Amino acid sequence: MTDETIIKERSRPGFIAGASAQIGLLAIVAVLWLVFSTLAPGFTSPINLFGIGRSLAVDIVIGFSQMVVLATGGMNLAVGSIGVCAVMATGFLLQDAGMPVPIALAGGLLLGAALGWLNGFAIVKTGVNAFIITLASASLFLGAMLILTKAVPYNALPPEIGQFGRMRIGGYVSPLLFIAIAIGVALFILYRHTLLGRQILAAGANPRAAEMSGVPVGRVIIISHTLSGLLAATAGMMLVARLGAAMPSVGGEDWLLPSFLGPVLGGTLLAGGSVAVIGTMIGAALVTTIRSGLLVLQVGNFWLQLFLGLILLAAVMADRYRGIFLERRSMGRK
Amino acid sequence: MQLSIEGVSKAFPGVQALDKVSLDLRPGEIHALMGENGAGKSTLIKIITGLYRPDGGRITIDGKEVFFNSPRDAIAAGIGAVHQERNLIPRFSVGENILLERLPTPNGLLDRDAIHQEARRYLDLLDRGIDTRREVRSLSVAQMQIVEIAKALSLETRCLLMDEPTASITEHETEALFALLKRLRDEGASIVFVSHKLEEVFEIADRVTVLRDGKNAALGEPMSGMTRQKLISLMVGRDEHIVDKPPRSRDTEVVLEARNVATVFGHSEVSFALRRGEILGLYGLVGAGRSELARSIVGAAPMTGGALLVNGKSAAISNAYQALNQYRIGYISEDRKQEGLILAHTIRENIAVTIWRRLAGMLGLINPAAERSAVNPYVERLEIRTPSIEQIVGNLSGGNQQKVSVAKWLAANAEILIIDEPTVGIDIKTKAYLHELIHEIADGGTSVLLISSDMPEMVALADRILIMHNKRLVGEVANDRRYDTVSNAIMSRIHAVEEARPPAHTSQTA
Amino acid sequence: MRLSSDKIRGFAASSILAGFAASFGAMGIAQASDNKIALIPGGPHPYFAPWEQAAADAQKDFGIAAVDFKVPQEWKLNLQTELVESLAAQGYTAFGIFPGDAVGINSTLTELKDSSIPSAALAGCAQDPTDAAFCLGTDVYNSAYIGTKELIKAMGGKGAIVHLAGLLVDPNTTLRVKAVETAVAETNGEVTLLQTVADTDAQEAADQKINALLAAQKDEIGGMIATGYIPSVVASKSLRTLGDKRIKFIGIDDDQIVLEAIKDGFVSGTMAQNPYGQGYIGAYVLDLIASGSCTVKEDAVWIETPQTKRFIDSGTLVINADNLSTYKDDLKKVTTDIQSNFKDKYLNCQ
Amino acid sequence: MNALLRRLLLVEWSGILAAIILGSALLAWLSPAFLTEFNIYVMLRSFCVALLIGFAQMVTLAVGQMNISVGALGGLVAVLAGGMMEKMGVPLAVAIPVAIAIGAFCGLLNGILTERTGINGFIITLATASAFTGINLGITQSIPFYDMPPALVAFGSDRFFAFPYLLIAPIIVTILLGIFLSRTIPGRQLLAVGGNPHAAELSGISRGRITVLAHTLSGALAATAAILAVAQLGSAQPTIGSDWLLLSFAAPIIGGAALTGGHVSVLGTTLAVILIALIENGMVLAKVDPYWVQFVLGALILAAVWLNRWRAVTTGTD
């Protein structure tokens, strides 16, 4: 044993949180699927699976947009505001400016990235906590959107956008889910195999040490926020497709909890320096599964929230005790 | 108090940390606990202080078996400790930290004046310069260490465990500490003293217990019959390899020159020249401002005057990123955990962090194979003991952590390395190895600015030694590798400056 | 068989309304059906409480296999659409939905239509273009307009008013703002709109903003109109606290606090809506459509509103001190009227 | 810079104080209604609940935890208190302590679950938040309890000149909390655990017990906030608490608390809540166009934060 044993308590498996932790969570999701589909046949009907997949896709991307900032040890309370700004910008470009779809989408994404950059820039230049800056900018961005659009939704978008949102691949799957997975793969590569990803994680885990080692910490934080804005905008675009309209009421504070839920359940630390890309996806899947399962089971109208909370609690505890059990067993072998 | 550890064992996942280890502590003795890093000293201390529970064996106090479920129990049983990790609350005042678990509440509420008076009593035993009302986070590393010791003393326990109390304090304070420990011993206290510095052990300990690989290599042997060589062979299992390298000549070109540098920390008129391939020592008492100067050089803190020249050209360094990537200056911080390493990341990531830029190919993709093959040679060359380079650095021993820290900078190919306290808390074998390595680095053409409070280390490594006092350079001593003459020259220089002016508080370090 | 037993229970029901409805059943207008109909509000909200009874009554009175009141966990669009999707997966055959978001609900309605599941907007409308078969509810624009007119009347035709509006990002809020502005403009300057205070949908925010408003301009304000449930309640309470009967106030909905304030003279009136009737009639009509026996008449005399071209007013009336005790009966009468004429006016039935 | 000013600037909340003074001066100049007795009453009253919400989060931040369930817990306590009084006829003097005890118990539950399972408090309280809201909605079916005792309602709206009686509660809580955190052993232990959990444990402080204590305290404070909200609104609304979360973090953090734990400021949090109340009041008074409200809110928070940052940099007390 080393002299630094105590560190063990606080340390964590590798920088992409340990595969075993994610298998545990995945197993819990699988068990829930088994239970729900046995108890309620409607759970696995095409329309329900399609619905689950589509909600999941958006939640995953919202989770990613928070995760990339959590990796730096910060947080982004403005994900929802950036999302809705991008949504309304796209709506404007499509409906009022008559731009073709790809240009309008690119415009929305670009705006999201720009707003994210603004957050990052302000955080690095002022040295103020990301929490406070993004709290203020959430209000600023949302406010600017309201001033410019007067909160009037754009609901005469080209029909192919709504059709894309309703499209079913093989009767079960929404193309949005593939987009979310593709983003997941890209992020996985980013954090696992690229210079930038590594620098982000190093800066998140120990900014002073990273700075001393020649990591441009400030630049890395700005890039992470830009990426967060881009991802929030992407989630916004997905909602535009899903709803067939661009509305001022999407995003905002509503995204805040889901944005933390996926990454944190999946094993991303709030302290920074670790990301769980696959975990975020599984974490989001856990919540979506429980929610959908309870709906299908027709659990009492107003009591549903209670059961959602209890099952969530049971799931995280089961995962936790599985981890402890494995640890004990590996010691027993010794 | 008669504290007795009998056949205690402790296993962690993958490691048998302690295997039937014993230790008996008598009243009125200073008992040295020695061993290389990873030998199990700290684990043993954590068991005695109730932080870990042993898998087997027993602990008795005055013949009665005791069970500690938490540090609380151990304190109640009369055992106080200075742990190796920093254990202070950064935002609390010095006084509150010292009396943390038993703050005085005369009428249900804290009495701040009483706290500071009480804390003052213990702090004065060691250092009068630290204000008990200051927040701990504003102290220097050495000052924090002194607060830690005062905190342990304040428990007034009959048994005191000290895990490397002198690791980051200077000789001056060490002397005060030793005088105090001796007095406590003479009053009947039992003290366990852990240190890697043999000189200290020989100076202060009455008996010694040695651990090697989690087992007893020696059990309570009297120091009177002990020789340096014997102690080393007990710990290491082989003889100490002593580096003895003649000082290098110094006619190479100047790579780093400071001209009248002033900083926000209060340095002024700091001028020196570092030549290619030399080891330039920077010695000073705690609070002299050595680390702060280093931080200013690499741009981690602003300079307020003067100029830096790198390879003869004026250099404006605004951050560490620029220092490394543009001027090839690296800084190995004394604060390994805060500034040196990313404890939660793997060895591979820690070493490669400085060279990712070089490794990255198209689209910024890093080839894992290339990364491993870049890192592996350093792991081998520095003999970093680990099952795999995927090991989390926080799980390594202090010595191996330091090797990782050095490996990182070797990999970075820095031309100028500022090495700050490279062997604090490092065991003898690793220390010797690191010394060899630093010589090797310099021989390879890298210039080293060495900061150390460890006089023997300074003498063994530096080619010449700058003396810093109160944020000024007050002299330079040539090093002829003769400990007595060099250390005398340095200390008398410092004392001369000290006497020339009214005594200043040494606590003004920002 | 089912019909008969339901019929007996229907007759046994004490309410006049149930009696009416059951007699329609007895006349053979409604057929027993296998439809499962869900009535879904925008989220948990006291306004929709009568829907639960309306669902139970409709199931009984019209012999529908199931009429269920299903509440999204929170007032969020995605939770509402997930609930709809899930219920569709479970075999519900028709949906009566309050569009918590008038635009956002449309893609879900389109999907329901694609799966041949009819839906109707109840209580509030979905914004055109929409696939909701019709909208039975309160015309938010008209209600706000009438309310403002009522307020202006109470103020004696002149003075300055303040509009307490709901969430700014809600499309309905925009309509209400316009309605109030229009009503004010029609007075040709006799009445001025002093200020519009928005985002008063949360308790504390409403309390804070409304009180701050009263503090600042108590003397200039001649009247206030609230177009959201919560600001109505909070403003009623604030006026009572202030003890000010000079400022006229028109609220919305029949929350107990508002009604008592009307009784005691602190509030001039409130715009009653007809939640029970919306749920009850909605279920009745959805059953007819989902059974395939009727289709919506395209050329019926729909009311056209800024939101939709197929609007049916479920009845808006002003509750004031005069009709405080009788307004419930008035609403029931409205409900019966709408229901008895619905088939002829709006449907083509075989 | 004269010595007094410099010393004032060294205090970390002085930036916020300056923002408050500046803002008040500006508003007094802009709107004659600002300094009227009634407006001051309105501002003080709106500040009461918000302050307790900020404190409820602050104590968990102090120990290095978070309580996502503050709002849900507050909502639950509000309807339980309302239900007790309306449906069971429990007298006010019994209902209030019971309600606070229920809040403390819910907090205790949060604490014990966090401590025993070793799962991040963020996740635990996220789950319990959902459970608390579920119980709240299950009991009320989203319909408020209206029949509150007149004494409670009067307490929520009566005033002595500009001083709302409601303010008594937060004043007492502020003083007690200030003393608790700076002058009592559990209070100091709480901050010690937040500042360096490992060190605190080595010093014989039970990390577990202190974490549970912080959560329990947070529950009790949220419950107190809920009761004040009931008094203020005159009815027990199930929606109480639904919009507390962001404010609960914003107030202590703008007031200087560290998200990582170990450092909070009672005074700073109080000033931050005053600042927020001032901004919101000011926007109504200044008749800000509703479409501009959000934007102005963000800009003002940013300005206040920047002012404080400027202070920190100037004085080097970063």
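Couple of notes before you dig in:
Per-chain residue numbering starts at 1, and chain names A, B, C and D are given in the order in which the chains are listed.
Note that contacts are C-beta pairs under 8 Å (C-beta built on N, C-alpha and C of every residue); 3 or more make two chains touch, one makes a residue touch a chain.
This structure is a prediction, so every number in the text was calculated from the model and none was measured.
More C-beta pairs touch across one of A-D and A-C than the other; that pair is A-D.
Averaging C-alpha coordinates per chain and comparing to subunit B, the farthest chain turns out to be C.
With centres set at the average Cα position, the gap from subunit A to subunit D is 28 Å. Between the Cα centres of subunit A and subunit C there is a gap of 36 Å. With centres set at the average Cα position, the gap from subunit B to subunit C is 73 Å. Centroids of subunit B and subunit D (each the mean of its C-alpha atoms) stand 43 Å apart. Counting partner chains per residue, subunit B shows two or more touched chains at residues 51, 85. Touching two or more other chains at once are residues 44, 71, 73, 168 of subunit C. Those residues of subunit D in touch with two or more other chains are numbered 133, 137, 141-142, 198, 291, 293-294. Interchain contacts (touch definition given at top) occur between A-B, A-C, A-D, B-D, C-D.
Of all residues in subunit A, those touching subunit C in their complex are 40, 42-43, 45, 47-48, 50-51, 55, 58, 84, 146, 150-153, 155-156, 162, 165-166, 242-245, 247-250, 252, 254, 291-292, 295-296, 298, 301-302, 304-305, 308.
Subunit A makes touch with subunit B in their complex at residues 1-8, 10-15, 189, 193-196, 198-199, 201-202, 205-206, 208-217, 273-274, 327, 330-331, 334.
Touching subunit B in their complex are the following residues of subunit D: 179, 182-185, 188, 191-192, 195-196, 198-206, 258, 262-263. The part of subunit A that touches subunit D in the complex is made up of residues 6, 77, 126-129, 131-133, 135-144, 146-147, 150-151, 253, 256-257, 260-261, 264-265, 270-271, 300-310, 312-313, 316-317, 320-321.
Within the complex formed with subunit C, the subunit D residues making contact are 31, 33-34, 36, 38-39, 41-43, 45-46, 49-50, 133, 137, 141-144, 146, 157, 229, 232-235, 237-240, 242-243, 277, 280-281, 284-285, 287, 290-291, 293-294.
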